[in-house]
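Scrolling down, you'll hit the structures one after another.
Each of the next two complexes has chain A plus one more chain, namely chain B in the first and chain C in the second.
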Partner chain A sequence: MSALEVVPSAAPRSRRRGIPRVSLGYVGIAVILIITVVAIFAPLISPQDPNAINLLAAKQGPSSAHLLGTDASGRDLLSRLIWGARTSLLGPLLVVVGGTLLGVTVALVAAWRGGIVDAILGRCIDIGFAFPGLLLAIIASAFFGAGLVAPTIGLAIAYTPYIARLTRSVAIRERRLPYISALVTQGMSSFAICIKHLLPNLAPFILMQATLTFGFSMIDLASVSFLGLGVQPPTSDWGLMVSTGEQSLLQGSAWESLFAGLMLVITVGAFSTVGHWLEGISERRLSR
Partner chain B sequence: MSDELLRIEDLSIDLPIGGEPRTVVSELSLAIGAGEAVGMVGESGSGKSMTAKAIIGLLPRGARTSGKILFDGTDVLGLRGAELRRYRAQSVAMVFQDPRAAINPVRTIDDFMTEALRDVRGMAAPAARAKAVELLTEVSIGDPERVLTNYPHELSGGMLQRVMIAAMVAQEPRLLLADEPTTALDVTTQAEVITILARLREQHGMALLFITHDLDLAGAICDRTAVMYAGGIVEEQGSAEINEHPRHPYSAALLRCRPSLSQQGGRLAAIEGQPVAAFEAPAGCRFAPRCEYAQDACRVAVPALRPVGGAMVACIRAEELGPLTLLDDTPVAINHATPRQPAEETTPESAATQALVTVTDLRKEFALRGGGRFAAVEGLSFTVKAGGSLAIVGESGAGKSTVARMLMGLERPTNGTIMAMGEDRSGPAHGRATRLRRASQIQMVFQDPYLSLDPRQRVGEVLDESLRLHKRMTRDERRTRVAELLEVIGMSARPAASVPAQLSGGQRQRVAIARALAAEPRLIILDEAVSALDVSMQAQILNLLTDIRERTGVAYILISHDLGVVNYLTEAIIVMRRGEVVEAGDTGTIVTAPTEPYTQRLLACVPRPGWTPPARQPLALSPTAPSA
Partner chain C sequence: MLRRLVFLVITLLGASIVVYGALFLAPGSPVAAATQGRSLSPVAVKLLEQQYGLNKPLVTRYVDWLGGVVHGDFGSSIVFSEKVGHLLTPRLAVTFELVLYGAVILVLFGILLGTLAALRGALDKLVLFISTVGIATPSFVGALVLISLFAVKLGWFPSLGAGTGVGGRIYHLTLPAIALTVAGTMGVARVTRTSVILELTRDHTDTARARGIAPGGVLRRHVMRNAMVPIATMSGTVIANLFIGTVVVETAFGLNGLGALLVSSVLDKDFAVVLAITLILATAFMVATTVTDLLALWLDPRLRTEGTR
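Entry: the complex of A and B
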């Protein structure tokens, strides 16, 4: 009760370091939005058929006919990148949705029940850490066949322990706040408190985690595609394009791998920038 | 005042709040003589802490200052780098409100105390250690060698604050800044810390700037008191004089609105409205909107601080009003002579028909981390009648809050029974109907108004949610009822769409009370419900609680360490110490004629006009129990 809380706004603080930190987050969001819009409207935007083979125009550099050049089969790279955005974004999205649903559920149950339930779930989480994500994705592909679905499920399960453990610790902290006790004394059910009060207050944190996980799983899925266990040709996918471009690369035409790799770097970079930006926001909120 | 040590001239501080510079201290001038103790008294937002931070050069980043702070003739605001460090190391030291937050938790007390001596003074480790032992002895720590090997979490708050004071005195500062050093402590510990501060100041010839919200506390330790409101000093006078003859309406109002040991029931002379920061204040006298003496002329210009009858007063009507009396003592005496019906003296049959809650031989054990068990509550029995009121008082670790949590079903008792409205509540609530019935019978208001509301929920939603749980009402009926509840808590002017962040502490606590009322309970448990509030807000909330009781006949169980509040609001008291009942009975009797030494000591430690902290007795020496 002594003094009024002073929360210096982020802007003047970061101005000292030269670059305002806030705007980087907005740049990230803008990049993500642009790529998402491109992916959604791929059929309208893409200048050519991504799968139209023209062996006469193979391995060309950027030109007026093919803005970003062509691949080994003479397919238009720009069109393939645009269509590739769809699978490249869809995979991580499914991983994040699956992993977050599972992880947050486990976390809330553990945090709310505490005691033995928490201990058991905690052990399960620890066991989950033993499996590297990429390995799980590859095993899933080996069992259920290559494609988008199998590695996505594998990765979603692999990311669950990470999401669960962090969310659990934040949820435990939030659960100890008196407003939760106040709701209990109101006679509200545990489920209602978790869904209506706990979850919305954890939302900034969960969103931050989801954003970071999106970036990580995009790299993982690209790796799976690179190994040929993910999305199958002729469907375009950035990870796959890095892989197929490899042969052209050895023959002196780097365009396919370069552009696909660049798209991965930009997208993953955008997601981790936004993720860290959200991290700052949720930390400030949690340290009330 | 002989030698002037510190002179603040026209100090203004702007802080970036919400991205814009906002004035929190406005043209403040104050002088402190060498060895003099000055009290700075004010509510939230008055700028008292910021003034102290400006003196020691700890203003938050982005703060802008104007004016001068002359320490021994040097302008402190201009100091940078090595000069600033030398000034901090040699001239000033600061004791903070929460010692637990101000002492590094992973270092031992030894590290904390000797670090500055070794690094800044270049003392050898054994010499620094010897000095630390000497200082800890000075702050009345009986076993300094052992305390030095402890970590902060192993010590109680009172012990830590003493360590903090010892470490600050080690620097041999010429001015010690104490920012609400006892606010987080029990009354008994507070009295000890005050005694220690007063003694150290004398022994070391330090000047002291003592920041507090309690005029009586300032009166006990300071030579002069400056009362601050909305970023400026409104009155400056000798500490003893200001408590008897305040000249500024705000000082007088602050003194009047405190619930005292001599007032039971009735209404407190609350100050209307709420405290504001300098940038929120209107033009003219900043206190005018809340002042009962305000005239049109008051709203023209900020009144200057000027000498009036031996005091410095910033009020244009100071001469005309003269020294203000604290007349409100008179109705108090009447109230006290005719207390509401005593609670405990009920005949068995009427108790059986009227008892709302009967607690019998309640016991709660917690497992200790290192094995073994610890009884937080032991052998507690009491009865609360319909419409009655009971206070549970005691120091921290007494088990008061554990009792409240057990009554609410947040903890299960280890032994004993809780009968409430004909139902045994000792066991868990199975099923939705039981849960809701129990919740609708007993409600609770928590201590911290900043944490007891869902930060994302709007005021209307908070109340609506409670109504949906407990009442079969249509949407329109609920909307009407929400408006009624807002009316009851005096917030009908506030849109129901406000979120907690937009409300002051007092307003949030009002919302929490309205939420408790929504279920129309027969008993409300108030767990330190007014202790975190500003003095003027506290008086308003206490009046509100009194009104609600008159209107609805609800019973209260008040958990508190503030005997003034207890005396004002309740008819019966249970005094607890380390889980056990020390004394129980009628409030008037216990407050005026306590029989147990522990109760007597608690009462002696409550600050009041003309109060000095009582001499320390071995009773309070024992280490506090681990808090639950």
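Entry: the complex of A and C
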């Protein structure tokens, strides 16, 4: 999954479907905004306490009392989905922030210094590719114990080489532009040039990477939760809900797994649509 | 070629040092896992530590362990009180068969879907939509949808277990293999679609058509051969990732493979097993990636001169 982003996409997508792609990008942004608002205002929106157990009302289908039904302990599924948005978004956010900070720093140092520093960092990046994200997240769980923190750290480290490699190549191209040498001539310090000029110009590209990484790491973190190595019950989390719903599903009541799975697919789909949309925009800008 | 092999070995060594160090510095002692909460006399704890070599310094233990691995000895499981090798052998087959089955599905359907989307305009939008949903579907969600539909509702396939015999194994692994490859197949389909469309719009394809070559011939000899490099690279990368994906799918389907054992061993802090499986999966992943790189070089000789860095 994490490898999807390193494959070069050669064909000019815009030629065939320029207009629908743009509108799809806006749809994706709208979906992300709605889910984010829901996550932030979960205490206000959620109709019931997500952890209130009512064994008399267990495994119900959607009804007026419980709009999306209840789980095996009679907890309201809608409320759990709403609260679950918080943990499900927080994890990928931390992964993206951590991975981007690390990756962009490595990329800028490598691109700016060049030579031996670049070569050494390049080797480190190559070694980093040997660790698939999910495996690193699982090892981190073994190290720190199950929870949200461990797999998040593991994934942030796992995504760093991907972000670093791509950002480095764009940064090197940017560094060759005349305005950088002009700034050097004016006597501006390397650090200031990187922070004040190079970084803002790379920002759209970094944002695109971050959006795609968000989607991938959301799948990874949900997988870790599903395995029981991530967020622990009774916290509501979409990946965990798919897993706890499996027992009811085998007995013919699929609501919990279904809704939680659907939320994951919609959210990840929105992030990857926006990511590819931004990718298309920056490709067009570069080819100009 | 040789450089790549050396790099592979060095990276694996580095990986083993990091994982080994991390696992044994981790909080929570393996002895506690072995005794499962029963309190032991200090003498018994000493004995256990001696039996599993936990009382020696970390570096000595690592060197001992590495020496064992070179001879095919991964140490003993502290939970199963069995040689890790014995524990893994039967499970290795399940995992590798699952990946092989998945790889076949992935390559066949990915290329078929992608080519169809590129050639038939009417199907294009449908395939694009399906692939967007497919790529966004975590394997365990796909697994539960398949179980709920084909195992619980329709009863066509079993929902749990790996089956026996060749036919039974294929039958039992069908749903897991599909769940494992949903996202990857769609990824391959996308790359196939873009790369076939790119070749179709190139001049050499027009020339081939103008020379009066039948459409099938144009597609096979002129379009597909050129489109193959990105498709092969994508397929290889995705197949490499299947090894890691088995962890999730085996757990969802209750298969007795390496992945499912890895999860339970992490929970039990059975570090010898965690180490062995992590290294096997990481090795499989890296070998698959290296083979993919070599395959791309073989398919496109131009990369051979450019690629030397």
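In the analysis below, the second predicted complex is superposed on the first by the 268 of 288 C-alpha atoms of A that agree within 3 Å, B and C clash if a C-alpha of one lies under 4 Å from a C-alpha of the other, contacts with A are read in each partner's own complex, and residues count from 1 in each chain.
We take it that contacts are C-beta pairs under 8 Å (C-beta built on N, C-alpha and C of every residue); 3 or more make two chains touch, one makes a residue touch a chain.
Because the structure is a prediction, the values reported are computed rather than measured.
In the superposition on chain A, A:188 contacts chain B only, with no contact to chain C.
Of the two partner chains placed around the shared chain by superposition, chain C is the only one that A:223 touches, whereas chain B remains out of contact.
When the two structures are aligned on the shared chain, A:242 is found in touch with chain C, with no touch to chain B.
Taking chain A as the reference chain, the count of touched residues is higher for C when chain B and chain C are set side by side.
In the superposition on chain A, A:127 contacts chain C only, with no contact to chain B.
In the superposition on chain A, A:142 makes contact with chain C only, while chain B stays out of contact range. Contacts of A:197 after superposition: chain B is touched, whereas chain C is not reached. Of the two partner chains placed by the overlay, only chain B lies in contact with A:177; chain C stays clear of it.
Comparing the two interfaces of chain A, the one with chain B and the one with chain C have residues 1-4, 6-9, 11, 13 in common.
Per the touch definition, chain C reaches chain A in the complex via residues 7, 11-12, 14-15, 19, 22-23, 25-28, 132-133, 135-141, 144-145, 147-148, 152, 159, 183-184, 187, 191, 194-195, 197-198, 230, 233-234, 237-238, 240-241, 243-245, 247-248, 251-252, 262-263, 266-267, 269, 271, 274, 278, 281-282, 285-286, 289. Note for the complex: chain A touches chain C at residues 1-4, 6-11, 13, 16, 126-127, 129-135, 138-139, 141-146, 215, 219, 222-223, 226-229, 239, 242-243, 245-246, 249-250, 252, 254, 257-258, 261, 264-266, 268-269, 272-273.
Chain B meets chain A in the complex at residues 15-19, 24, 43-45, 47-50, 60-62, 97, 179-180, 183, 211, 213, 277, 408-410, 432, 435-440, 442-444, 446-448, 450-457, 465-466, 469-470, 505, 512, 515, 519, 532-534. Of all residues in chain A, only 1-4, 6-9, 11-13, 177-179, 181-189, 197, 200-201, 288 touch chain B in the complex they form.
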